[in-house]
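First comes the structure, then the notes that go with it.
Think of it as A, B and C in the order they're written, each chain with its own count starting at 1.
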Amino acid sequence: MVDNNSNRIDPSAIIASTAKILGKVAIDRNVVVHDFVTLYPNVNIGANVEIFEGAVLGKPPTGTKALARRFSPELKSTDVGKDSIISPHCVIYADVRIGEGTLVGDNASIREQCRIGKYCLISRNVTINYNTIIGDFTKVFENTVITGNMVIGSRVFIGALVATTNDNNLGRRGYDESFIAGPIIEDNVGIGSGANILPGVRLGAGCMVGAGAVVTKDVPPKTLVMGIPARVVRDLE
Amino acid sequence: MVDNNSNRIDPSAIIASTAKILGKVAIDRNVVVHDFVTLYPNVNIGANVEIFEGAVLGKPPTGTKALARRFSPELKSTDVGKDSIISPHCVIYADVRIGEGTLVGDNASIREQCRIGKYCLISRNVTINYNTIIGDFTKVFENTVITGNMVIGSRVFIGALVATTNDNNLGRRGYDESFIAGPIIEDNVGIGSGANILPGVRLGAGCMVGAGAVVTKDVPPKTLVMGIPARVVRDLE
Amino acid sequence: MVDNNSNRIDPSAIIASTAKILGKVAIDRNVVVHDFVTLYPNVNIGANVEIFEGAVLGKPPTGTKALARRFSPELKSTDVGKDSIISPHCVIYADVRIGEGTLVGDNASIREQCRIGKYCLISRNVTINYNTIIGDFTKVFENTVITGNMVIGSRVFIGALVATTNDNNLGRRGYDESFIAGPIIEDNVGIGSGANILPGVRLGAGCMVGAGAVVTKDVPPKTLVMGIPARVVRDLE
């Protein structure tokens, strides 16, 4: 399965016999690749990373006529920083960067051109859509959907089942980045479970969003918002 | 793994050596079947279809005593139309029809006896439950749950994390199709992320449902509804 | 793949040639293990159980510095009761007990130290987090997130896309079990789809929670609550 001539695989790495390596990859020391993993070409795995069963890394995006958005023609490598963990059945697309010490949970998907920081948690069944940037020490809990073109800061906490969207037109105007704008989430923001963050909204640094809130407009820094639509309830010290 | 005597596999098809074909299937020209895919008997794959790692197609449903609903005794073939894409780890049950040019995203499940139209998008972690019909050009975004016995029209947009349900009794009366009624969604409807569509509700053609709304009764065509419970806010064009 | 010297595998069991058994396991009569399944050491499978493609059982939890909570040092066996079904791509962690006749749906994750009763349904994309106890005949529908340290009774119905949480501080105070408290759900409770159950809340026996409700405080037994925040609407007979 592994052609050592075209790959750089440290001899200390343990790669299951059933794992498939489909092209040139680089695998650093003490990496463990478990059964039924697929590595597409141009994947670089840092030291001590563990990749669990059925995970797929470096997969190029594939479109049909059903998709409004066109793909970028040039895709760079997929890099996983040292000490990170990729859980079973994750799908990490091509041209993704994941910082060191980050945990990606079971069945999570990270789409092309995303940049995830260090020591993050991307939990189970989370989707991080295309071209989204996430800072360091940020946590995204189970089944949350992060839309495309988002910018998320550091030390952000996003609870379970949170929805984020980038299209107020529900697809009626096609895909044009002039009006497709994901929310912007600044550093140290906390978002309760089941909240809903609408397109283009900015969540100011250190603000908190209550569970189940629907955030329709910008939230000032260091305030607590709650309700539908979300309103400022009080300032946070 | 592939017994060409009992199958009709076009010689232009590329089938990974690790893929498992468990019975008689038909695979048309230029199909690509990636690693660790399982095809159960009675699966028909149209031209140019690509099936990614770990996907399972044609799996018969399996029940336990924990399930209220009984399965139909007769299951037909599972047919995937030409130019469609089946993403990693999808589970497509037996007796499903998927139209041409449709994209089924990572980890999506489509249960038995569903009919999905052409050029649809069924995104990541979406479940389409049993016996549901979906028209053409319809999009269902991430982590949305489509309940059983639904009818969904064409050019419908269903945002992420939308809940649909078919049982007002929360399971207290067992499973009887006389009162198990999924919502009906007519053509050109748009549903915002995190909305919640209750049993038996009809969403009229061209209506729009705001993000986070809980829809408890029928929505007239070409109106916008918002809130909990959802009320008409205004007419559309 | 299977070393019969160190395992107790009933001769009537059918184990796919691609399945991986990574250590000592016990497999009872008439069990079926499908392709690409991984069984970690110390897994015990009861009679008539069927385990579908890509499922992973007995996986030890793995942490990074990104995780606040430390793992328990001692993990016991993973036991699946007779007549249960484990669907494709499920991940069942180490030290989990699943009662007889329980169905675990596609892509579901059950974390370490959980105890699931008999004749339960744990549906697609559901996460049951660490150290949670669930009674018998309980159903948890698609994409619902069950947080850690929860106690859930018998004959409970939890709809789709329900959020439960155990940390009112959104991670700001680190992980300390003195204030990390999951909700408690007593017997015969029904929870509508999309509801949101906040930390430490107790749902009294036989109460019902409306779809989309946000439950911020205890609910008396045999009452119906609805809305945001949830309020008692009426008593149930």
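Note that in this section contacts are C-beta pairs under 8 Å (C-beta built on N, C-alpha and C of every residue); 3 or more make two chains touch, one makes a residue touch a chain.
What you are looking at is a predicted structure, and each value in this text was computed from that prediction instead of being measured.
The touch graph of the protein chains shown is complete. The rotation relating chain A to chain C, fitted on Cα atoms, amounts to 120°, rounded to the nearest 5.
Computed from the mean C-alpha positions, the centre of chain B lies at a distance of 24 Å from the centre of chain C. Touching of two or more other chains is recorded for residues 18, 36, 54, 89, 107, 125, 143, 161, 194, 228 of chain C. Touching chain A in their complex are the following residues of chain B: 16, 18, 34-36, 50, 52-54, 83-85, 87-89, 101-103, 105-107, 119-121, 123-125, 137, 139, 141-143, 157, 159-161, 190-194, 208, 211-212, 227-228. Taken together, the chain C residues at the contact with chain A in this complex read 18, 20, 36, 38, 54, 56, 59, 62-67, 89, 91, 107, 109, 125, 127, 143, 145, 147, 161, 163-165, 170-172, 194, 196, 198, 214, 228.
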